[in-house]
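What follows is a short report on a single structure.
Chains: A, B, C and D, in written order; residue numbering restarts at 1 for each.
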Amino acid sequence: MPVMNDEVPDDSDFDAGRARGEFDHVTPEDFIRGTGRGNPPGWLSARDIERTRGQMPIPYVEIVPVRTDDLGRVAQVGSLLRVADDGSIERTLITGRVLFHETLREAIARNIAKDLGEIALPVLPAGLQPFTVAEFFPTPGLSEYYDPRQHAIALCYVVPIAGDCKPQDETLDVEWVAPDSDVLEVFLSQMAGGHGAIVRRALAWAGQ
Amino acid sequence: MPVMNDEVPDDSDFDAGRARGEFDHVTPEDFIRGTGRGNPPGWLSARDIERTRGQMPIPYVEIVPVRTDDLGRVAQVGSLLRVADDGSIERTLITGRVLFHETLREAIARNIAKDLGEIALPVLPAGLQPFTVAEFFPTPGLSEYYDPRQHAIALCYVVPIAGDCKPQDETLDVEWVAPDSDVLEVFLSQMAGGHGAIVRRALAWAGQ
Amino acid sequence: MPVMNDEVPDDSDFDAGRARGEFDHVTPEDFIRGTGRGNPPGWLSARDIERTRGQMPIPYVEIVPVRTDDLGRVAQVGSLLRVADDGSIERTLITGRVLFHETLREAIARNIAKDLGEIALPVLPAGLQPFTVAEFFPTPGLSEYYDPRQHAIALCYVVPIAGDCKPQDETLDVEWVAPDSDVLEVFLSQMAGGHGAIVRRALAWAGQ
Amino acid sequence: MPVMNDEVPDDSDFDAGRARGEFDHVTPEDFIRGTGRGNPPGWLSARDIERTRGQMPIPYVEIVPVRTDDLGRVAQVGSLLRVADDGSIERTLITGRVLFHETLREAIARNIAKDLGEIALPVLPAGLQPFTVAEFFPTPGLSEYYDPRQHAIALCYVVPIAGDCKPQDETLDVEWVAPDSDVLEVFLSQMAGGHGAIVRRALAWAGQ
């Protein structure tokens, strides 16, 4: 079962091997909403991403979406229900790799928009110091994070969502639960590959 | 010249020595907007605060107000122009001590409301890990932070301001400046007691 | 049951009310090893500390002692067995208030030396950004941290111990346990007032 | 001029394309001291690293070496003098990419050993939350960090060095300077690509 959002190559894959100069005029908007050509800049073909996954760690951002109250306290934690590649349903967080020439902030905004839609109104943090760095390995047991496809280094952020969520693409639903709810434990146990541990750390960091 | 907002005792000082049980029904609203009796719970008389200042470090929160763009980047940094106790004008940040039985979040919200008004719409962070801890001493030169009145331990936070600022009380004006503006250096040099260094660290932490 | 190390006034209490100028020649050594007069500078009499505890939050440092391996990973977490004021045995961390005119680093080093002895060789962090800030209130249930004596704001640090521990004063023993040991859960459940939650957050922050 | 340590392919490059199972028995020692085959596991051929550099961001660790005093304060900051690929001398920090199947801690230890030798005795942090994340782009001006070869995402750590430094390989010398020395500014101005800004942020984070 895949444990992170995957690159889903399509006919419009376009950028592998192109000159770096092509990025000179790329704007955040191009990454976050695409360039009208189907994939954001920096997207790779199935062949290229597969080869690289066997050669080096892949940088990811991983976002724990939360609802906060007036004083900034976490009132609810969000998780996604998604259709996995094998057709099963999985519970996960918002996660995706950082693309070539994309900033971390663009990657965070793009992945949130991809999963929660364009009117989620995420409140990105003023600083990019992650609350934790999760190291996923393709070898089970090497760390508490496991991803059969790759070695991924995920910078993890808590991002308050101020707007409305309209699940997109493979995302079927977004479910919210209070940090002190019994349901939280159930949700965390449904997250594969260590993503539940990331939520626990997010709540520890948030003081809850 | 005072370098931190001071407790300004008035006739309605009321809480020194009272039983702790009195706090059982205190709400965040009581701290942030007062209880209709002039001062928030936990306020001390001039005599009590003065005595304590000579005996132990006083916990403070210090807020660097910022305006952020859609991606969370700091677009502008705010500073306050205030009337100091000696009648002079000083440039400072938003700062105040944490009151007895007040949470850090309440102290942050209360001090922002006190200086920027009720519709500033501050976006408090999901986690309370400060970007730095500033240690103010009454002895010049002991650290880079100096406060002639006291030994203060200030937990420092960057807080985006999403609403409108209506300066209150001793605050005359809020001035905003871009992080890369030449004016920033002028502003920082006008901040006494090391508050300018706090802004520099805030921007370093924010990646700018 | 007391949940934090307490000030234990003795006949040599000396500093309440003295002029601030007396601190001009105080050295870190004076705080950490005392001045030969029984208590470090900044110590308060029973009457003064009691009065202040009813008036304002008291700044504390709280240290999670750890043993680390060559790569800096936490191999063991330490906890203290102490004689409480009522004669019972309690399990706790290293904690103490920051004294007047004492730096955070001095407070950390002093409290470690007080509990673990002079040859513990603590490795203080290069930066003083705490992994969490624990807010203890005298009202049960207001936060997950409870201290019947006071409102305390504790800056929490993980500090590797490289030397030998010789428990001092009220400290009977230091016990070490691996983060993945079943015994850890037992130990954490024996810590009152929320100190167990601080260990959990320390381990979450440390990636374990 | 190259601004980060580079992969220097040699005849013993061996791992591109091999099965992941080969990593099952790799130890930290293999990464840090090599396997006797010239390069650590995860090393790539010149062709593979070059192709990947044009396709995705490369994860790096970047270390600011420091000397600390008994209280953990930064007494000196280190920088390296190195022979660049074009034969010129450059001043830089300790930096290197994270290899496939290598943990962040192994990458930090390996790169320190490579530059400072086997008896530098680095004190790795108990937690891996970086003080900043530096985003290097091959397009000048996109961020304050620039690397003509690649888009690199560098997790930045301050690491105290407790032992003796024996510069290795391309590293000619390690020079130490006090944070308040005038020489620091000169050194920082000699660091290309934004590495000087990383030192500034490290010192801001360390409270100096």
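FYI, contacts are C-beta pairs under 8 Å (C-beta built on N, C-alpha and C of every residue); 3 or more make two chains touch, one makes a residue touch a chain.
Fair warning: this is a prediction, and the values are worked out from it, not measured in the lab.
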**Asked** If we look at subunit A and subunit B, which chains touch each of them?
**Response** C, D
**Fill in**
Taking shared numbers over all numbers used, above half giving same and below half different, the subunit C and subunit D interface sides are same
**Asked** So, what's the distance in Å between the C-alpha centres of subunit C and subunit A?
**Response** 38
**Request:** Could you please state the distance in Å, as a whole number, between where the Cα atoms of subunit C are centred and where those of subunit D are centred?
**Result:** 35
**Prompt:** Taking each chain's centre as the mean of its CA atoms, how far is subunit B from subunit C in angstrom?
**Reply:** 27
**Request:** Name the residues of subunit B that each touch 2 or more other chains.
**Result:** 103, 128-129, 131-133, 205, 207
**Message:** Testing understanding: with touching defined as stated, what is the shape of the graph linking the protein chains, line, ring, star, complete or other?
**Reply:** complete
**Complete:** Contacts from subunit D onto subunit B in the complex sit at residues 132-133, 200-201, 204-205, 207
**Fill in**
Given the complex, residues on subunit B that touch subunit A span 28, 66, 68, 70-74, 103, 105-106, 109, 123-129, 131, 158, 160, 205-207
**Complete:** In the complex, the residues of subunit A that touch subunit D are 16-17, 20, 23-24, 42, 44, 48, 51-52, 54-59, 97-104, 128-133, 135, 137-139, 142-143, 151, 153, 155
